[in-house]
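What follows is a set of structures to go through.
In what comes next, subunit A is part of two complexes: it sits with subunit B in the first one and with subunit C in the second one.
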Partner chain A sequence: MDTYRCLNDTRKGLVETLIESWLFVAAMISAIAVGAILFFLIYFAWPIFHEDHLWKLLSWYWRPFQDQFGILPMVAGSVLLGISSMLLAYPMGIGVCCCVYGLGPRWLSGLTLMIVRIMTSVPTVVYGFVSVFLLVPFLREFFYHGSGFSWLAATLTLSLLVLPTVTLIVNAQFELFDPEIRLATTALGFSPIKQLIWVVIPASYKGLLAAAVLGFGRAVGDTIISLMVSGNSPQFPHSMLDSIRTLTAHVALVVSTEAGSMAYNSLFAAGIMLFGVSALVNGALRFIRAGSE
Partner chain B sequence: MAFPSTSCSVFAQNLSVSFSARQVINNLSVEISSRNITVIVGRSGVGKSTFLRSLNRLNEEISGSRTEGTVKLSFKDGTVDIYRDRFPIEELRRRVGMVFQTPHPIPTSIGKNLSLPLKLVLNLPSRKIDDRIEKALTIVHLWSEVKNRLKEPALSLSGGQQQRLCLARTLALEPEILLLDEPTASLDFKASEKIEDLLSELKRDYTIISVSHSIGQARRIADNVLVMKEGSIIKVLAASQFQEKGTLEDLLNEVF
Partner chain C sequence: MRRSLEKIIVILSYASSVMTIMIFSVFLWFLISRGYTTLNLKLLFGNVSPYGAIFKGIPVWDGVWPALVGTTFLVFISCAIAVPVGISAGIFLAEYATTSRWRSFINFAVDLLAGMPSIVMGLFGFAMIMLLRSSLLPEATTCLLLASICIALLVLPYLIRTTQAALETLPAALRLTGVSMGFTKWQNIFRVLLPYASRGILSGVILAIGRAAEDTAVILLTGVVANSGLPGSLTDKFEALPFSIYYLAAEHRTAEELNRGFGSALLLLILTAVLFQIAYWFHGRISKGSR
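On to the complex of A and B.
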């Protein structure tokens, strides 16, 4: 009996060591990969930190044939699109979660969650495609303004893409809430809405923040939708019906069309900015998690 | 159906509760008198908590539950047939205050555990809330322990302090019927004694129904003891029947 137990123990130890070393290797590989990406980005972008180059990049004009390589319109495009799609998707996602979490009828909540889960598995390009053929023509006819490829079209489409991210994170956080505490507050006479607003949501603020940060990261990081439906004019939009170009779409477009060295250099600047956004998102998530302890 | 007598405040008839087809409360009928302490005793799992929850319609919040039968409660302003009358359920639950077997404070500060229900359920203006909080915490003998830490998280309190906090939270809402599920389970004997004294005081204004696993406690505080077995009440004992030490134990030994 004793030998058996002993044997069993060492085997378990071996498995554990294997898993641990495998995890360590995986972690090291990802860390090295991220480090290498950052290194090459900075290495290739180094020339642009030359003073006159930098000023060229920090301008509002992207006219590569006239030697103007400003990326500010794209920065503005990314930020504006990220914010506008979050302004739409975030309240919608929280609304869906509230509905799922007891405000709506039970059958509806199951159905909604199922639809949201399916939405995550639809390839992004499908959203773009559908949008180009349905939403864009509709906007064009409805507003009589431009081609329909616009900040508004990208916002509407992108918010659909971000909605599941927001919903699933917030819902997971809501589900962590102790059902016994819900029962206890119900017994005190709280209505479901009061319970949600005053008890569950305050206790879930971490998930709400994480959903906002991750959703924004996802919106800024998306390429296909902005490339397909935003119109891609490198300009600062004056209305939501104007066309915009995001940093990600910019990179995709320039890589596939240009080869001039200055144009490429500007891409590395764009890359560094996107990297910075994702670093900020990660930093913010860490900060949110640490906030609890 | 008229209420059987004016001194009766809880009346249940043919009450049955099941969870996913498993019957837990079985054709239970009982009358519980007002301004009295009624103690429910019975083995673990016989349905004591479930019976308490059927008096404030809380079983409905548990998925898969089904309730049949009649429960009538008499309040100061009239009688409510809680499963038939269209009485607002939140108001019913406020009037039938319940303290759970294990304390479940809201994960926020100690003070907010009391102020939130007062604000949201009772719509009390904020100037009255502080007074009410102090009063409620004082009667459960918690005020001196927490008066300087009302902003601290409720979960930083000990189990017994949390239990008294939850009792205070319910009392602050001024219910008319009080359901207590082992209110002294995590208290030391000194604190239990204080709560027992408190209950004996409170019965002047409230109808108290308390589950207890302590026969000693039942003898000390109960005006009536209900013995539960297999989801029904099989015996009702009045205080006069068990005043002598040992008689309650003997009576219970017979039926357990």
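On to the complex of A and C.
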């Protein structure tokens, strides 16, 4: 685009200048929106930093009617659920990519990739709905423990949501791999499995890292699945069959029940933490990408 | 040791593929087998005749028609806001943002917006209403317009990125031809580059429609309700398909309502699946064409 920069400046009329200013404004709207979101979150969360409010927030008990507004159970819930669903979805996603790269027969890998693409279009609320009526009753019958709405149910459902994210990123990275290197390694006598272990996976560790970070971000940022199937009790879980509540679900629940101003403080504190997580994920991705250039 | 590592990876890769296919088939089979019998006009209109509901405005209480209309309004209004802004921003990033500082600043903001959990977007809308209530408009409540604005912010990054990518992957010769014949920069973009990039941009718009139709977390905080009928104005509460699915999962009282939930879930799945596949198809044709 620099090639014709010298040509156009002389003939730029008023209309053209107006159009260019509009394009600039349109581009700035994203930045303004992010700024506004951050401003609103901080503005409404400001009372938190009053000392005794802060201590109330940093406790393990959420009992709004007894003046206890601890947010730590929800932080733990989000982190635990994010990690557990990634522990399931990440190896699975990489497994699918290995299968596609050449370990599995062509029909199997083609079918799997097609299904993974279709999975990206499934609304989260539909996953949640099916889980409530299929997975939750199954877990209840199978383990004879509680209602079935649990950390385990949310983990299984959420891993379906992040599986396509992981798979498509890693697969794109594997596909970038130069076909000539593939030929060369095959000629050297590497079987597909040896190529994967010794050449492809080590060379694409950046894509693997990016997939992990982005998948974790998606898992923590999801609201509807955890709201629908995790049971939503604000507690630290002692087993996978216990109910948990995530930060995102907490936001949705507090808004719908309106429990006074101190509850709203915790709402915006949760908002700031979620904003922080997405900013961190973004920063990490930039860091990973910057290293590759 | 090495042999067992290889074996483990081979088993893992087969198992993951087979598991993915199996789990998704069970999911789909369950939804279809429970939902397909309800996929008819009764799901939409309940006991009201379709003609009466559409043309005479007879309220529908036992069908998903109001939710479907609400979602359609939501999609239209949010796209009316987001599409012009998103495409313009994409053009700016691809063609005008030559100084790298602006470019990286705006890129950073778009990335942040794209990674934002949708519930935070909803919380933003909720906070706006809280501020309006305590200052200018004491009667302000969450409503269709507010939800549309927040959804517009949610889909904006998709539109920007697809427009930008569609323009940036055009062959360099195309950029030079128009200008060498005397077009100004904007004329060249508008008459030559945009028509060539239109497929890619369209795929972005369809993707944005799909995202706007399926998101539940944003509208949960910005004015969706379970029983409001059709929205009469921009400041009304509204119903939406994803929310009625969420609501019916928890609050169904009769077997009939539960069946309506299954029908709605299947309907929404078909809707988004078709939209996304069209978008991918457009996108696939571009990348094949440019190779």
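Here are some notes:
We take it that the second predicted complex is superposed on the first by the 265 of 293 C-alpha atoms of A that agree within 3 Å, B and C clash if a C-alpha of one lies under 4 Å from a C-alpha of the other, contacts with A are read in each partner's own complex, and residues count from 1 in each chain.
Throughout what follows, a residue touches a chain if its C-beta (ideal position, glycine included) is under 8 Å from a C-beta of that chain, and two chains touch if they have at least 3 such contacts.
Remember, it's a predicted structure, so these values are computed and weren't measured experimentally.
Look at A:Thr112: by the touch rule set out above, it reaches subunit C but stays clear of subunit B.
In the superposition on chain A, contact is made by A:Gly189 with subunit B only, not with subunit C. In the superposition on chain A, contact of A:Leu267 is made with subunit C only, not with subunit B. Once chain A of one complex is fitted onto chain A of the other, the partner contacts of A:Glu180 are limited to subunit B, with no touch recorded for subunit C. More residues of subunit A lie in contact with C than with the other chain of the pair subunit B and subunit C. In the superposition on chain A, contact of A:Tyr61 is made with neither subunit B nor subunit C.
After overlaying the two complexes on the shared chain, residue contacts for A:Phe49 are found with neither subunit B nor subunit C. By the touch criterion stated above, A:Pro202 is placed in contact with subunit B alone, subunit C being left untouched. Overlap of the subunit B and subunit C contact sets on subunit A: residues 194. Looking at the complex, you find that subunit A touches subunit B at residues 178, 180-191, 194, 198-199, 202-203.
Subunit B contributes residues 56, 58, 61-62, 90-91, 93-94, 97-98, 100, 102, 104-108, 116-117, 120-121, 166, 169-170, 173 to its touches with subunit A in the complex. Interface of subunit A with subunit C (complex): residues 1-5, 7-8, 11-13, 16, 19-20, 22-24, 26-31, 33-34, 36-37, 40-41, 43-44, 91-96, 98-99, 103-104, 108-109, 111-112, 115-130, 132-134, 160, 163, 193-194, 196-197, 217, 220-224, 227-228, 248, 251-252, 255-256, 267-268, 271, 274-275, 277-279, 281-282, 285-286. Here subunit C touches subunit A in the complex through residues 5-6, 9-10, 12-21, 23-24, 26-27, 30-31, 34, 84-86, 88-89, 91-93, 95-98, 105-106, 108-113, 115-124, 126-128, 130-131, 153, 156-157, 160, 172, 175-176, 179, 184-186, 210, 214, 216-217, 220-221, 242-243, 245-246, 249-250, 261-262, 265, 268-269, 272-273, 275-277, 280, going by the rule given at the top.
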